[in-house]
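The following pair of complexes shares a single chain, subunit A, combined with subunit B in the former and subunit C in the latter.
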Partner chain A sequence: MTRALGSRIAHTLGVAAPFAFALAIGAAILLAAGFDPLGVYKLMVQEAFGGDRRIAATLTAATPLLLTGLAAAIAFRAGIFNVGAEGCFYLGGLVAAVVGAAVPAWSSAPAILVALGAAVLAGGLWLLGPGVLRASLGVDEVVTTLMLNFIAIGLTGWLVNGPLLARGSANSATPLIAANAELPRLMPPTTLNLGFVISLALVIAYGACSRFAVSGFRSKLVGMNPRFSRAVGIEPGRIFLAMMIVSGAIGGLAGGIHALGLVHRFVGGFSPGYGFTGIAIALLARNTALGLIVASILFGALSSAGANIQLFSDVPIEIVEILQGAVMIFAVANLGVFWKRRRGAA
Partner chain B sequence: MVTFLHAAMMMTTPILLAAIGGLVNRIGGLVNLGLEAMMLAGALVAVIVSAKSGSAAIATFAALAIGAAIGLAMSLVVTRLSANEIIVGLGFSVATAGLVRFILKSAYGASGTYNPPGVMMLPRIVVPGLDQVPVLGAIVSGLDPLTWLAWALVPVSAFVLRQTRWGLRLRATGAAEATVRSVGLSPFSIRDASTVFAGGLAGLAGAYLSIGVVGLFNEGITGGRGFIALAAFYFGRASPFRTALGALLFGAFDAAQIRLQGRGVPAELVQTLPYVIVIVVLTGLGLAERRAERQGMVR
Partner chain C sequence: MNERKSVSVRIGARGLTRRYGSLVANDGIGLAVRPGTIHAIVGGNGAGKSTLMRILQGVDSPDEGTVILDDEPVRLKGPADAFARGVGMVHQEFMIAAPLTLLENLILAREPLGRDGLIDWRAAEAQATRLAASAGVAIDWRRTAGDAPIHVRQILEILRLLYRGADVLILDEPTAVLAPSQIEELLRLMQKLRAEGRTILFISHKLEEVMKCSDAITVMRAGRVVANTAATATSVDELARAMVGEATPVVRVEPCAPVGSEQLLSLRGLVARDPLGFERLGPVDLDIRAGEIVGIAGVGGNGQDELVACAAGILAPLAGSIRFAAVDLAGAPAARFRESGIGYLSADRAHEGLCLCASLKDNFIAGRERDAAFSRLGFLRPAGIRAETAAALQRLGVRYGALGDPAGSLSGGNQQRLAIARELAREPKLLVAAQPTRGVDIAGTAFIHNLIAAFRDRGGAVLLVSEALDEILSLSDRVACLFNGRVVGELSRSEATVETVGRLMLGRKAAA
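Then we have the complex of A and B:
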């Protein structure tokens, strides 16, 4: 009993430690630049959680991260190192924006369903290639999915600057989507929208599935030990392929929800790296549903607060990027090394 | 055509420098996704030091040092804290890009572009006699020292990897870590050294971009060349010569894309070509390997 409690505490610390390390590094940088780190962090907490509207803004910022985190977690759990959610996000966003602009006469529910369905399809198909290559030829999926990100960004960048450019628009942007394809707002005037609920529900469904469903157990088994899985009659290649496609589909959905819920069109530079932040979130969460929710909200808080602290203080918004990168690094580092050494020295 | 080849040579240099570093790093057992970050830091430091000191040589050395320092930090996290190199590389990319812009804003009040007065550019080398040779002379004349260094590194690294004790140790570190440990060497230290080497070269690549080509720093100056370098050394597998071929090919794409702008050829699509080629190459390798397996002659 106490042992179980101890391991749970250790697990919680394990999630908190990367954040603590990142905040310490951020503090050192702020101090070196002549800012008061405690004051800045206090301001950030206020800006992220002080009041309904700010919480709504934080949850809005967490929405794409819930799904990119989920996309990464689904793949990682099955032992696939998929870093391609960023590209799926771009493609899903573009496809949903184009479909959403093309369905003016329909009522809201089918318009949204078709647009999001198209985004899911685009994301899933985009990772079909790496999935097949990994499952049948053993080609390293890290490289192929990473390369596909750059290809997706280039491809959508070309489309939105040329064939799909909104008429009369000088910037790279598609036309605004039809009003009935917009995801309804939950708390006007804030931008929090139905996308948050959809994303949250999917993460919870993932949590239930990975714990109780046979398919969830299978993919975990394949992730832990592909040779054993094969011995008990589960073909790892098939699971690799399936989970890669599901992961891509979720990444595409994330982009679709971002387009229909917040941006209402597709623009150049659609994602500030949501796909990569999702990787950090999945790692911090150790692929658990609860962890995904907590980590997404923390990262959402970072980015929603970052936008405001630049307005109200001189602190450059890039402090957020530094913190995000540092969390990513410490999330995979074995910080226990420091503890062990100290104990050994004492 | 000749001016295009000259431009292609110029655009190859940063990719080649980073790719040779990344290749050596990968042979030592670490796939370096931080090259882009090290390049960016090198580019900024080169401009700052060049303007302050008035010496391109000191600036180049400073860029080398910052790239190597970031490489060391990244490598230590990977080797000593047993962290996943892919995530750590991505994390360093995100954090360094943020830090560079943070420093620009907080220390120089500049957002995006930093263009201090008095930046000394890299000198151009005109080899007497060589510039008289038709075609070749026009292509290689007036190139800077870093370009010569990059191309010199190709045969040198091939020789060191194949023929020397250090090369053997490095290859063993990547291929058979336990063996290296069993003869009393530290595979971690050897791997760290290879990452420091890669970081230094990526820093030089950054210096080349900022004080070799444009004479200022812009936050988008690296333009994904760190990842194109990754594409080049995946294209080249374990061979410096093939890697150089990849870098030259991708450098030519880069030069072509600049020249074709405004002529109806979409630059965005040309920029994706290196990545498409890498996927094609990896697929081809996978197919060839499977065919070999089927014929019962695995390796």
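Then we have the complex of A and C:
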């Protein structure tokens, strides 16, 4: 009993430790730059969580991260290191924006469903290639999905500058989507929208599936030991392919929700690296649903506070980026091990 | 080393206790190994040998009691600490970097450096040659470790410990993977090392070897030391009784049901490659009927692994057919083999037979998660899974803590019982059993043999592949001998003896 509790504490500390390390590093940098770290951190907490509007801004910022984190976690759990969510995000965003601008004056629900469905399809199909290559020929998915990111960003960038450029616009942007395709806002005038609820629900559904669904069980076994899975009759290739496609679909949906919920169009430089941040979030969360939610909100808080902190103090926004980077670095290390080892020795 | 001669206990333990949850793996262990001796630790699976060795090597730490080194109680901080005190271990699974050469493996992390700060290969090779010569073995140091035969890799591990200056060598079941002639070689090497003043802790459950080479013997059972004796003061029978406890199981497996008339499995012209692309098997023809055990005898590496992998659907054959219940399965995925009614007991329990990091429950239902008992409408039924797993594990006498514990928390013999529980629960028509009792103790072996025989008597067919000839002989209704990838002879139960099978295994013709 105490042992089980001990391992749970170790686990929690292992997850929390990257943030502690990152905060310490950030404090050192702030101190060196002549700022008061505690003051800055206090200001950041206030900016991220002080009041309804600020919480809404944090949750809005967390929305794309929930889904890109989920996309990464689904793949990692099955033992495939898919880093292609960024590309899917771009494609899904573009497709949803184009469909959203083209839908006739339907009522809102079908318009949104069609646009998001198209984004899901685009993301899933985009990773079909890497999935098939991995499943049938064992081609390393890190290389293929990473390279497809560049292709997706280049492709959407060209489309939005050429054939899909909004008439009369000088910037690379598609026309605004139809009003009926916009995701409804939850707390006007804040930008928090239905996308957050959809994302949260999907992450919770993922948590339930990974514990209770047959598909989640198979995916876990294949991720732990593909040789064993094969011997008991679960074809790892099929799981790899299926999870790659689902992961891509979620990445596409993330982009679609971002387009319909927040940006209301597709623009060049659509994502500030949401797909890659999602990888860090999934690693930090150890692929658990609860971890995904907590990590996404924390990263969301960092970015929403970061935007404001520059307005109200002379702390540069780069400090927030340093914090994010530091968290990501420590996220990869399994810091819970240290705690366990020390306990074992004591 | 001279000062160490004066101590009376080079390595040992006092009142050592280690618990894993509710399981007491080591219970008040006392051990005293004199310097310059070969001290054997014998005991069945789950006796606590491996736990004790992990603690002596600093990998694990005791809950109570202490490790003794040179008569002094010490608290080891880790394997590096143990090593600094001269204690090194050769694990059952070798710690070798397969893509590197044997020489590179030897000097890894202790490379001799030249004045320019680069590795001095000439010095390394000279040292390696000296080491091999002093140990009385011939080694081609430039060979890639992954290509070297298994006994050479093991000798490399021992030489590496010597290279790094260890004088206490812990060998964890070193003979389990070796052929008889290689075992002789290993025992000679151990005796040579003892003559040089080194201390050897030798873990085994093969009593003949233990009697042959040890000075002192400690017997463990269920986490306790049950006997401490000099080798000259005991016998194999006495050790066996101490190991097994009161009720000595009798290995007696006789066929009772008539063999079916139809061929269940028919292999024709089967050819297969090993992972390195070498055509290791075939062409082979083999038939198995319902209700019979067909044993495959052969010296390791003569195509058994490939035969098993083909029959289980893990490996697609290069040519030939695998007809099972009148359907050709050659080239079909493993899942189809299983759906058709083929069960598979892998020789590689740790990586293929079980998923050690997954729970007992997960291991038990793996591959059957779609069954109505375990899931409905795509969702698992935890209560059903728990009940069936608990019942099956109890039937097979598996010693475990909780159903949610990882399979890796079980001892080797209990792991094998778990794997068998899963395979038999599927009620297959054919069981492909590869090394079913490798690393399993006497009582566990008898139990597993009885399970396999009972399966046969219910009308099941068994393809039994084993390196243990007595296992093949005691179980098989028919013995096929593999040599160089081909079946060189088939013997009925009455014809098969150690002599006849042994001759075929070595590629000689059966006696006229």
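Please note the rule applied: the second predicted complex is superposed on the first by the 332 of 346 C-alpha atoms of A that agree within 3 Å, B and C clash if a C-alpha of one lies under 4 Å from a C-alpha of the other, contacts with A are read in each partner's own complex, and residues count from 1 in each chain.
Heads up, the rule we're going with is that contacts are C-beta pairs under 8 Å (C-beta built on N, C-alpha and C of every residue); 3 or more make two chains touch, one makes a residue touch a chain.
Values in this document were obtained by computation on a predicted structure and should not be read as measured data.
Aligning the two structures on subunit A places subunit B and subunit C in clashing positions. Of the two partner chains placed by superposition, only subunit C is touched by A:F212; subunit B is not.
By the touch criterion defined above, A:D36 reaches neither subunit B nor subunit C. In the superposed model, A:R227 lies in contact with subunit C only, and not with subunit B. Counting the residues of subunit A touched by each of subunit B and subunit C gives the higher count for B. Legend: residue contacts after superposition of the two complexes on their common chain; A:E235 is shown touching subunit C, with no touch to subunit B.
Applying the stated contact rule after C-alpha superposition, one finds that A:G273 touches subunit B and leaves subunit C untouched. On the side of subunit C, the complex with subunit A involves touching residues 21, 61, 77, 312, 314, 333-335, 337-339, 344, 346, 351-358, 362, 366-367, 369-370, 375, 378-380, 382, 422.
Residues 31, 33, 77, 80-84, 86-88, 90-99, 101-103, 105-107, 224, 227, 230-231, 234, 266, 268-269, 271-272, 275-276, 278-279, 282-283, 285-287, 289-290 of subunit B touch subunit A in their complex. Remark: subunit A residues 29, 33-34, 81, 83, 129, 133, 137-140, 142-144, 146-148, 150-151, 154-155, 157-158, 161-162, 273, 276, 279-280, 283, 314, 316, 318-322, 324-329, 331-335, 337 touch subunit B in the complex. For subunit A in complex with subunit C, the touching residues are 3, 212-215, 217-218, 220-221, 224-225, 227-235, 344-345.
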